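What follows is chain A paired twice: with chain B in the first complex and chain C in the second.
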Partner chain A sequence: MTQPLSDHLAQHTGPDWLTAKRKQSFDLFDTLEVPHSGVEAWKYTQVVIDFGKLNPHPKREAVHDVSALPKSVQERLSSTDVGAFLVLDGPDVVYRTELPAELTEKGVIFTDLKSALEQYPDKVQQYLYSVVPAEVPDDTTIAAPGTTPSKSPDPSEGKFSAMAAALWTNGAFVYVPRGVEVALPLGSFRVMSEAGTFTATRTLVVAEENARVTFIDEQDSEDLPGTYAIGAVELVVKDGAQLRYVSIQNWGKGVTHIQRQRGDVGKDAVLNSLVVTMGGTLSRTEMQSYLRGQGSDSEMLALYFANEDQHFDHYTLQHHAAANAHSDLLYKGVSDDRSVGVFSGMIKVDLGAQKTDAYQKHRTLMLSSEAQNFSVPQLEINANDVRCSHGSTTGPVDQEQLFFLKSRGIREEQAEKMLVTAFLEDVLGRVPLQSVVKYIEGIIAKKVGAA
Partner chain B sequence: MTINPEVKDISTDYEYGWSNPEKYAFKAPRGLSREVVEMISKAKDEPQWMLDFRLKALDIFYSKPMPTWGADLSGLNLDEIYYYIKPEGMNARSWDDVPDDVKKTFERLGIPEAERAALAGVGAQYESEMVYHNLKEEWEKLGVVFLSIEDGLRQYPDLFREHFATIVPPEDNKFAAVNSAVWSGGSFVYVPKGVKVDIPLQTYFRINAESSGQFERTLIIIDEGAQAHYIEGCTAPAYNSDSFHSGVIEIVVKEGARFRYSTIQNWSHNVYNLVTQRAAVYGNGVMEWVDGNLGSKVTMKYPACYLLEDGARGEILSIAMAGRGQHQDAGGKIVHFAPNTSGSIVSKSISKDSGRSSYRGLVKIYEGARNAKTNVECDALLLDEEARTDTYPYIEIEEKTARVGHEATVSKINDEQILYLQSRGLTGDQAAGLIVRGFIEPIAKELPLEYAVELNRLIELEMEGSVG
Partner chain C sequence: MTSPDPQPKTTQPSPHQIEIRDLHASVGDLPILKGINLIVPRGELHAVMGPNGNGKSTLAKVIVGDPEYTVTGGEVLVDGVNILEMEPDERARLGVFLAFQYPVEIPGVTIANFLRLAMQARKAEGEEVSFTEFYGKLLAALKTLEWDESIVERYLNAGFSGGEKKRNEILQMLMLDPSYIIMDETDSGLDVDALKIVARGVNSMRGPGLGGLIITHYQRLLDYIVPDKVHIIVDGKVVQSGGPELAQKLDTEGYDWVKELATA
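And now, the complex of A and B:
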């Protein structure tokens, strides 16, 4: 058994079902290996981690005034338009704002998971682990009898989700009752402030039937060598509901970020996701849409810019388990310096999921010959009356566009930056969240400028 | 190739499913062992270095795990296979010298007739050995070499050793290792500088015995500025127990040379077909793979072009058709090592009746391979609700100036098209067949006419009863 971590496990309190679940998850975690390069889903990303030396991020005192928060958080909060937010420093909440009373009156819940366990134990028990369990979800496609089966996932793909399931300390909990629409986004701002530690967090968002909500999950820190952020995000989108989820990863250098984000999408429900990856040294973000209900819909967007020695791995899944569902994925990335970019995306269509309409597009811009980019766009299709296509392109900055800008008197370096910015911001045109888009544009500008 | 008039329906009865009684000069015991490897080497009276090579490859085979990706190989029992079966009569230059039942086999397959009509040379392999190999005199005079691989080793030891196992070393993968240990049969081809062989060479592979393995090894060297086209075809009887075919094809395309390798794989539906095919392409050389996979139970085959010098080009046309119980895991690899290299992969697959076709491919561009370009296009056609298709492309880029595109689409047969054709008096089957032929036309047109006809006919047979 991994000693410091099992000590850590023992410190968690909570209801019996949760303690049992944590214990069970930890046992699974303990038996699994870190996925090696022979595991297809982790072919291009190896995580070096010594669990024996891993210490939990220390708990920080809660503050009652924004001015006591880290400066970067203050700056960020000054320009956000979220309706309510949590700030987590390391393992726990250090600051929060409350929901407007009118939403509370309608039954909307926005709090942290630990508080929710005490105040809404039934709701938490009902949904926690239902979308992102400890083990790797078995998305093996349902095929016709007699068809050569697909390979099942490798159990080691559950290594980090088991860790997150066992050791999570806190995270946001959102619950929107049937038919309620929450106009302003809700958000959590996660920071870390101690190098050489790890945090494990868990986010649970539940949109009941025909409810509507946006949740923004931001991560930001100073440079923190040898630090790990392990996360799980569970998105429950019931029939007819609409959920928009935005994840912006802007950790400082030295951080390893591993997060599985998964949505369970009901009949005629819509899940929009946007993944932005800019920070950290090694980042693995999984975004999975499980289209369970007929007529469900998922839009999956992402942009990333990897430079210096950054290694970004994006793993996506559009799993069409029901007929008439629609999914549309666009991931755009830039690879500069000695960075490594990985995109592996999968469209799965189960037997009987007729009239599926699924699209997947990955585009990469290469700015350096020392950079590497790996793209694996995949399809597994078990229904015939479908529209499924995918495309992946990799190339340098368009030379004609560059030439045009230069002919207008713009220096080559500047022109390239303009084209890179335009390439990435293209994705943002599809995100109707002004303030967040502005913030992301700011991060892009900073990063492109430094490139 | 002529069309066998006895043929009716291969969706239920595979047309090449008959077998001859077993009459063999030699049959090794089942399973793989050091003794079997030594036996094969001794039977071929090989130099010591080849025996050493085989034994080393055997160790590599034992040390490598089965692949964790790709098709399901759990039904392949490697201990049940006969790794070496030597037919009676060996490597004749005239069909008259080929034993009667073997000759009849190839006559039924239309080989001697095709040779007279349209081919520069023909090889025929029966079980583990080539039983026939002949090159027309006019090509021999120009210095073209077309021999069994064993004769290649005997008659051109230096040229053989210079290239053998340099393109596909036994370490490459588990099945290349097993082939390296027990290889037998296959062709050795050399086309001298500047010689353009304008009609195809062909080798035909036939497995006859139950549970047998066939491990042919082919080495082809196309010298500077030369040109050639090589065709392989394969069939086997339909037994209840599975057979195992694991070939290794190594090709060298030297500067300015051009070579095309076409396969119409039509093994019976009890054959595991796990093949490694790779070409090393030098400056401004062009390598083309035309790979048609219709038969077998499981195929894993990804013809590769390694573009080693400036201006080299690789093209892969892949067509797969999977019916009930079949899994075609096919595709291609283009690897760019040098500047200004270019490639293209076009894959068309058709799945029906719970058959599964998968495209699996690699495009890799190494740092320094400036201005490399490759485009990949995969189209899958699904004929019914149970059919299945997958796409697993790997794109690995280490160079800023690289341009790589990949596109894949999946579609079903368009009902409106069927209806239209039916309104013009075609039956449902004919209409579906026509649409499928249109779908694969970009590939069929790259084959010599006789083969395009054969391919179309096979597909038509597969299509019978697919549209009500």
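And now, the complex of A and C:
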């Protein structure tokens, strides 16, 4: 059934430990089913995929000049202020810029995973798969309302992470040594350019003790019917470190995007994440914060705009495993046309994670009576001295605000667009990355304009 | 119900005035306006006074088309055109402007962007608000209101004090050049300094091209914006009209005597 995929697996070269890991992950992938509607965490999202017909994205040659890149990529790169970036087309790095010398001198590494395996094999082996393993992490589970989450999630929730673990071709590798601060953001721009294929990627960002870094993970393509992007993003945030991670999913129509993003956050460390979902036809983005260390902090932000027949599923986990940790989640989304939005968010507090302060809010703006939005917020609290709250609101554009704008002469259609933009802008106000925010505002404006 | 003076049927151009004819309106099933008749020509500002809960604010909101209110009878003619069937934005583009008693907060929309789009909405297709037009007007308005330029980068009324919100209403008024203004208890919650600034903004616009209603419960604002006429609304009707001295009488004698007028 998965013949093209096992052929593809055989083509991967690398150190023995990795080959074994790929093989093991592939076997797991092969035994698992695609999560069905009986699996609570996938209840509203059904992925239709025929693995027997799934071909890997063709290889792409590296270019030496930006002008040889696709126009849309050139345009995007011209307005970014990342300090160094990789451009990946399907499985391959096609263009890259180097880190400033002062950072390499301090031991900062920014390259692709394939190159890193050759140049820094120990570092890669130490961290790869440590945060996002092949199988579904034990704490990833959403139970049916009114029931206590079972100890282990359904194994099928590991279907795509096993696939990503076995078949990843490349992705960014960032390593920031202890105490080093990288002021400018680093980033990878992922594109795909062949319809009817799949690309599996893996991104690994390691911030050692008290390091600081920002990583931007952008995905963009033309419309590509029947195309799959399967990803895993591993974020290692050691004690006292600060990592800001931004993913901007802006694939073209026809793309199915399934990505598990997870951070392992140490003592007094901070992970700020922003998930932006705008493109693709089906999108499942998981953002998981494992607050391992005392006093750790995770800010989890997201904004999405689903229109036409887009189906966006956001899964989140705030797992408080240590005392005095803080997590603050704000997801805001717009549902238009016949789109479907799903949010399932879990706050999980372990026994002993006293003084946990966890907050979760999902807000949806409904612009169409045909759009659907499902919100499944969940709490599982095993400590007795905690502050946890969650909330979810869904509604149309505020009528009082709409009337106010109209009373100033602004036509209803324009006024609605202003309010939709304002609704999402609120999230961006919390992200101190000027050029990224400007780019996201541009995507929003395009979507709002087309709505 | 009293009828307004009959309009002569002529081919003369429409009079430059707001004319309210036998206006009835309710909230849900509750009638609030019970036959308001008023004429405010351009060039005049009229005060509308009266006890709370008798229809002053309802009148303001009905004129601009607040969907919370249902018009059950009558007409509001702006320069001879009945506006009651129009959308609120069309009424605004005709030149009607309400300074709200409780302006809404819209986080995510900057004042600058909002003002620019509101001005743009008044332009013909293909015509753009120029930078110099916008900026020149803005600087002048901010100067009148003693406001720093940085205010326009803030989100609309988000986290503003009551006084700042009112000042922002006047800023919009100055930028949008209305022909008719309606000020709904703009004085409420303002200290004397803020009141003076608001009054300066309004007075700077006064002239033959501007008409309006100043709705207020107190004489206070009228010390700074002296009205041409004063009307008193009780129980959804105009029960008395007069000159500025009427406002002073209300200030010294209270509203008891006008309530008697309504029941008489």
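Basically, the second predicted complex is superposed on the first by the 438 of 451 C-alpha atoms of A that agree within 3 Å, B and C clash if a C-alpha of one lies under 4 Å from a C-alpha of the other, contacts with A are read in each partner's own complex, and residues count from 1 in each chain.
We adopt the following convention: a contact is a pair of C-beta atoms (placed from the backbone, for glycine too) under 8 Å apart; a residue touches a chain by one contact, two chains touch by 3 or more.
The structure displayed is predicted, hence computed values, not measured ones.
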Contacts of A:S369 with chain B and chain C, given as first, second, both or neither: first
Touched partner set for A:M418, first chain B, second chain C, both or neither: second
Residue contacts with chain A in the superposition, chain B compared against chain C: B
Touching partner for A:A183 - first (chain B), second (chain C), both, neither: neither
First, second, both or neither for A:A20, with chain B first and chain C second: neither
Residue numbers on chain C that touch chain A, as the complex places them: 64-67, 87-89, 91-93, 97-98, 100, 103-104, 106-109, 113-114, 117-118, 121-122, 155, 172, 176
Touching residues on chain A, where the partner in the complex is chain C: 398-401, 403-412, 414-415, 418-419, 421-426, 429
Residue ranges of chain B in contact with chain A within the complex: 68-69, 71-72, 298, 324-325, 327, 354-356, 367-368, 380, 382-412
Residues on chain A engaged by chain B in the complex (per definition of touch): 38-40, 143-151, 154, 351-352, 354, 364, 366-396
